[in-house]
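Presented sequentially are two complexes of chain A, the first with chain B as partner and the second with chain C.
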Partner chain A sequence: MECAVEKEELLRCLYLVQGVVEKRSSLPILSHVLIEGREETVSLGATDLEIGIRQQCKAVVKKSGAVTTDARKLYEIVRELPPERLILRSSGEGWVEVSSGRSRFRMASFDPKEFPAITPTVGTDDKKVAVSVALPGKILGEMIEKTLFASSPDESRQNLSGVYLEAQPTGKLRMVSSDGHRLAIIEREAGIAEVDAWPHAILPRKGLIEARKLLEKDEDSETDLALHGATAVLKKGTTELSMRLIEGDFPDYHQVIPKEKKNFVSFPREEFLSAVRRLLVLTTERARGVKLQIEKQKMTVSVNTPDLGEGTEELEVENNGGDLTIGFNGRYLTEVLNVLDEGLKINLFLKDEVSPGLLQAEEDPDFSYIIMPMRIF
Partner chain B sequence: MQRRIIHLDMDAFYAAIEQRDFPELRGKPVIVGGNSQRGVVATASYEARPYGVRSAMPMMQALKLCPQAIVVPPRRDHYLAVSRQIFAILRSFTPLIEPVSLDEAFLDVTASKQLFGTARDIAQRIKARIHSETQLTASAGIAANKFVAKIASDMRKPDGLVEIPAQEILAFIHPLPVTKIWGVGRVTAQTLHGMGVQTIGDLARFSRDALVSRFGVHGDQLYRLSHGIDERAVDPNLEVKSLGEEETFEHDLTQDRDVHPVLLHQAQTVAQRLRGRHLVGWTITVKIKLAERLGEGRFRLYTRSHTLPSPTNDAQAIYRAALVLYDAVPRRQLGVRLAGVYASGLEPEGKNAQLDLFVSAPQQTDKRRQLGHVLDQLASRYGEGIVRLGATRSMRPARSQDPGSVRKEDMHDPVARDKKER
Partner chain C sequence: MSRIHLLDPQTVGQIRAGEVIERPASVIKELVENSIDAGACNINVRIAGGGVTEIVVQDDGEGMSPEDALLAVQRHATSKLKQSADLFALSTLGFRGEGLASIAAVAQVELTTREPSSVEGVRVHIAGDAPVKLMPAAAPPGTTVIVRNLFFNTPPRRAFLKSPTSEGNQIEEMLIGLALSRPEIRLQFTWDQRLVFDALPQDTLAGRVKAVLGKEWADGLLPVAASEELSAESGIGMAGLVSPPDRHRNTRTGQYFFVNKRLVKSQPLSFAFSRGYGELLPQGRFPLGVLFLTVPTHSVDVNVHPTKREVKFQDERTVLHVLVHGVRSSLDRANLFKTATLPMPSFQDGAAASPMSSTSRALSPDIPVPDPADFPVRRKPAAEVDRSDPPLRLIPKPPPVVPVTPPHARATGVLGVPAQPTLWRRPDGTEFRIVGQSHELFVLVEVEGELWVVDQHASHERVIYEQVLETLHRRKGEAQPLLLPITFELAPTARAALEEAQEYLTALGFDIQPFGGAAYQVQATPPYFRASDTPELIIELAQARADGRSENSVEAKIEDLAARVACKVKSVKAGQTLTPEAMKALVKSLLDCRSPFVCPHGRPTMVRLSVQQLAGQFDRR
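Right, the complex of A and B next:
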């Protein structure tokens, strides 16, 4: 294998595969990137056996073939090289040479035939249930951004450690996530035709973190999200990201969505967000309880942490209900407001101090956030 | 103002309960503990002690010293129930109680004088009530601090009551061996012996500076204790830092499917003990000892911890976390010799309680907790294991009889025993 590639192009491609490469793997080859040169393109591949990424890179291939090398080390070397064209070349058995101007590096390579499949194993009947949807990268990125934070980082709750994907009869795509204490739901137009063919799927957190990275700062590119049996594949331009779906059933979330939407308070996003942020300073990792006291057209938000101190913030609100005092994990409030757009008017629907609250932006009823209270009294 | 601290220690607690419940054991050397290759002595009755049988001694060794001893598998839940009875008595005298274990506690009765009389009066009344309500005896030590009170309670066991007046503290502690001091273990003792220190009095002849330069921060503590100074408060909140359950297997377990039910059982026990103390834990730890010898009788030990997003005393949540941690332990196929589940980062239940979403109604959170408490009551009445999750049933053949793990079904004659108990 031998190819020539511009530094900036290789650096961009290597950056995109870094997140997938296992940092502490029991299999040494998983810390490597697979570099394949064929005809006009060079393809970079990496996998941790759960998610895989394939990135096409603009290059001039002089000799077809493949090599592997330590992904992180190669990225660090390329980053430090001057912005010039560089040459990647297999150099005898088990070596790859990187050269640019007067710089020359020889790095260890595994036999590329030993490299595991980039796309997680696709079963035999997988082809049958292949479905896909095309939508703007910006929209898909937004959907991930607004659900991923509410999924569970706790490995012991596997079916919650990802985002649940569902096609709606309206043709919209729905994403749902929860950590057992709060739940985020977002729906966006996707023009899905064969709704019934869509399987229920849970996309893993790690895969979505990479997807978010891929879609960030996206202008108007089209992305394609496909499900083949146990695998989801996201294609955008020259990148293909695949991930193994999480096994298990997502809990029946419909039952926790408050049906009664009678009593609610409304307030501007920024005002409430900055108040809670300030109050959270006087809480500890293990006690993020924030008290909301709603009386007439006023909401008093407060914290009280023994050995640390207490704080109070007063907000003017539109109160469309009675008086109520309720506790929430303040972190759960700031996290959702952080992913919502500036300038929104927030409606918080509350029934009583032990029932789930529903948070929505008045301008976007297709996003809902359901949050269980905390007993802090 | 001078403090009055009582250290109360039940006499041969587990063994005494067995002798109380089974009259045929009275007057005989009784050892409570796991009667297996790897069993350990939990408690020995006073009849077994002259033979040299001590707590934490391997059972094989204990039986060599005292072959006629009757070995009784422990009934932890039963002991816990008796312990609760005893702590209820203590609480009627002062809220300032620092539990050390099931059968041991410190009480600060300085402020109780107006109500109940002197510390000696209180200690006598506590001992009398314990005896009349449980037919068990306790030994008490009274002094101006915890250190001296603890040594005093040990002076005239069983059924002792020793009070050390402030002016006699030094005369009392100085002739005692230096190993009586908390924190002086084998290693420190060896160093001290090398310095010519045998008794606490020998230690008191060293200056603070000399001890600090030799032992660091610990040296300051040695200096203070050797002069009978101990300012540590009786802290009711110091109750427990962690709760756990572990088991050494009679045969190493090489299959995950044999270990999983053990972890589930341990998770249930830990959850039950947490609920019994109205606590929840943030961090779950799994301890796995592999059958990989490292020499000097040591084995490869892995401990893995995980902090949950919210604290729990729910068996399912503890088990789920334990399972993930266990699955991350490498080379389990070598055989698992010991498995344990612990909860730490403990705090009172209900404080900052985050409610769960996926239960059909919010009050279900309480129902689940109530269910836990109902199960606990059933267990303390009819024995642990009376009600359990389906998946744990199949575990029994894989289990051994080790301290802390034996349930009533494992007893020699379960039917006869059950009848007697009711």
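Right, the complex of A and C next:
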């Protein structure tokens, strides 16, 4: 294998691959990137057996073939090279040579035939079931951003450790996530035609974190999200990110969505967010309780940590219900407000101090956040 | 002829003797207790053939007149009790009047005695049902009893005896107990002409412990005593010597309990003793100790069993309470701070690798660093008098020390950590400085004249444990209900454990409800607790209950629960990089703990090295 590639192009492609590469894997080959040169393109591939990425890279291939090498080391070397064209060449058995100007590096390579499949596949089961949706990268990125934070980092509740994907009869795409204490739902127009063909799928956290990285700062490129059996594949331009779906059923979340939307308070996002952020300073990891005392047109937000101190913030609110005192985990409040856009008017629907609350932005009823209150003293 | 008939006196005697005299050690107990009751100052015990062949107990007590001597070997003849009412006000060890008679029923006994005031002694021979022989004899003041051929007339019982060595060991154990009960009496024990111990009269219990149990056993024992208030209130006294928490056994041997100076075996007392140590001891280990309880004679019944080794308390709860709190408060006051021992440096030891290779961890930048606010400095409730004595006060002020580091080197710590944010002073004036972290395992602290090595994981567990415990005591745990509750199933035995713990779980912030059949639902947990760990917590509680490891007192249950919860809460792990602020916060909150030196599993949280110790290693002394 021999190819010539511009430094900036290779650096960009290697950056995208980094997140997938296993840093401390028991399988050494997983810390390598697979570099394949075929006809007019070079493709970089990496996998941790759960998610995989394949990145096309503009290059001039002089000799077809494949090599592997330590992804992190290659990235660090390329980053430091001058912005010139560089040459990647397999040199003898088990080595790859990187040269640019007067710099030459020889790095160890595994046998590329031993490299695991980039796209994780589970057996050969129902390859036929394949659905896909095309939507702007910006929208998909937003949907991931607004659900991923509420998913559970706790792997013992496996079915919650990802984001649930569902096609709506309206043709919209819906994503739902929950860690058991709160739940985020977002719907966006996707023009899905064959709604009934869509399977229920849970996308894994790690895959979505990479997807978010891929979609960040995206203007309006089109992306394609496809489900084949147990695998989801996200394509954007020259990048293909695939991930193994989480097994198991997402819990029936419909029953926790409050039906009654009678009493609610409204307030500007920034005012409430900064108040809660300040109050959280006076809480500890083991007690994040924030008390909301809602009266006529006024909401008093307070914390009281016995060995630390207490704080109170007063907000002017529109109160469309009676008086109520309710406690929440403050972190659950700030996390949702952080992913919402600036300048929004927030409506918080509350029934009583023990029933779940519903948070929505007045401008965007297609995003809902349901949060369980906390018993605090 | 009637099928039911009265047994002849000899058979009755043998049956009765069987209850009192089980083995040679029982003979020793009866005889030595008689000697003690006779006011002896010197007691000499000699045995041969594991006590079966011969036992000799010689004392210099008040002796007996010929008439008394004859009566003494008869059943229910005693000088210690006159009427049944006296049974409830016993101050002597014996009272049943069975001892000598029982021995005489199953062995050949020769009793020689002289009252100090009379010129001539008397010797009584008695063996089984043979007629009693009485003759005048020359004798020193006091009584000497020789017991030969134990169980000569009851072969089945003889067949059940163990080897002479084993029987002799039981005698030794019995004598140790008796010797401990009366430090003021000299007790000599000779076994097959070999002197096992000669315990000279002692003013203190410590001296006696050393004499009979050995120096190693006696070393480092901590004195314990019931608080004066508690004693005054309950009328129950407690004092003794116990092992520090880092010394323990896997059995309950090595525990000696005395109630009104009577050696007793008591499971409740033994359990309460362990309770006093609580979480300071590792699971399944038992402390050592010699403990004396003084209980009003009318509120204790020693007449439960013929051998009087068991006792019944009228108000057992109070007795146990005094014991648990006496031990615990004494341990809390004791300085349990472990001092590291430094071996002389050995040059061959160069290959000593660090226990955990940390290269891979050091590379990863994404290790979460705990929030310093997670370690709030705990204010002590002013009401608690017991805590007015912080353990730190017990850290000896070091003698003036040659400065370790030249002044200019002090501006930054050894590991390049800026000194300022890591320096603080406790109210008692002790100054602390975080030197840095070592191997992502230990926090190094410089304290006047000493270097402390703090185990970051163990100490954080201690901090969390005490916080959880406080929540449990205040019964005000915040609860985070679940939007999507977790359902799990429990075995019937585990269900009972859950019902039992329900009250405390609720106080902590858990809400676990039956969900039909074997199913239960976790509806809420404390906010810091991972909800999905709840089923495992319940199963662990049930397991401990099934194994009989959990004890029945409320306090024990609370502590057990707190330790288990603390264990599951995300704590600072070994291999985690800490910021200077986090280290300082950790050490500060550790020092505010009730028992800062031991983690909830009984392992030390920190060790100290004195500068002198270190200087010694460099031949700088």
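Definition applied: the second predicted complex is superposed on the first by the 374 of 377 C-alpha atoms of A that agree within 3 Å, B and C clash if a C-alpha of one lies under 4 Å from a C-alpha of the other, contacts with A are read in each partner's own complex, and residues count from 1 in each chain.
Assume a contact is a pair of C-beta atoms (placed from the backbone, for glycine too) under 8 Å apart; a residue touches a chain by one contact, two chains touch by 3 or more.
All figures in this text were calculated on a predicted structure; none of them were measured in a lab.
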Clash or fit: what happens to chain B and chain C when chain A is overlaid? clash
Tell me the contact category for A:375 with respect to chain B and chain C: first, second, both or neither. both
For A:307, using the defined touch cut-off, is the partner it touches chain B, chain C, both, or neither? Pick first, second, both or neither. second
With the two complexes superposed on chain A, say which partner A:156 touches: chain B (first), chain C (second), both, or neither. both
Once chain A of both complexes is superposed, is A:54 in touch with chain B (first), chain C (second), both, or neither? neither
Would you check which partner chain A:23 touches, where first means chain B only, second means chain C only, and both and neither mean what they say? second
Could you name the one stretch of chain B listed in 128-136, 254-262 or 326-334 that collides with chain C in the superposition? 128-136
So the chain A residues that chain B and chain C both touch are 154, 156-157, 178, 180-183, 251, 256, 286-289, 329, 354, 356, 370, 372-376
Spell out the residues on chain C that touch chain A in their complex, using ranges where they run on. 360, 363-364, 370-371, 373-374, 376-379, 464, 467, 476, 478-484, 486, 509, 524, 526-528, 530-533, 569
In their shared complex, chain B is touched by residues of chain A numbered 152-157, 178-183, 251-252, 255-256, 286-289, 329, 354-356, 370, 372-376
In the complex, chain B touches chain A at residues 282, 306, 308-311, 317, 320-321, 323-324, 345, 347, 350-358, 360, 362-363
Using the touch rule from the top, collect the residues of chain A that touch chain C in their complex. 23-24, 154, 156-157, 160, 178, 180-183, 251, 253, 256, 281, 283-289, 305, 307-308, 327, 329, 354, 356, 370-377
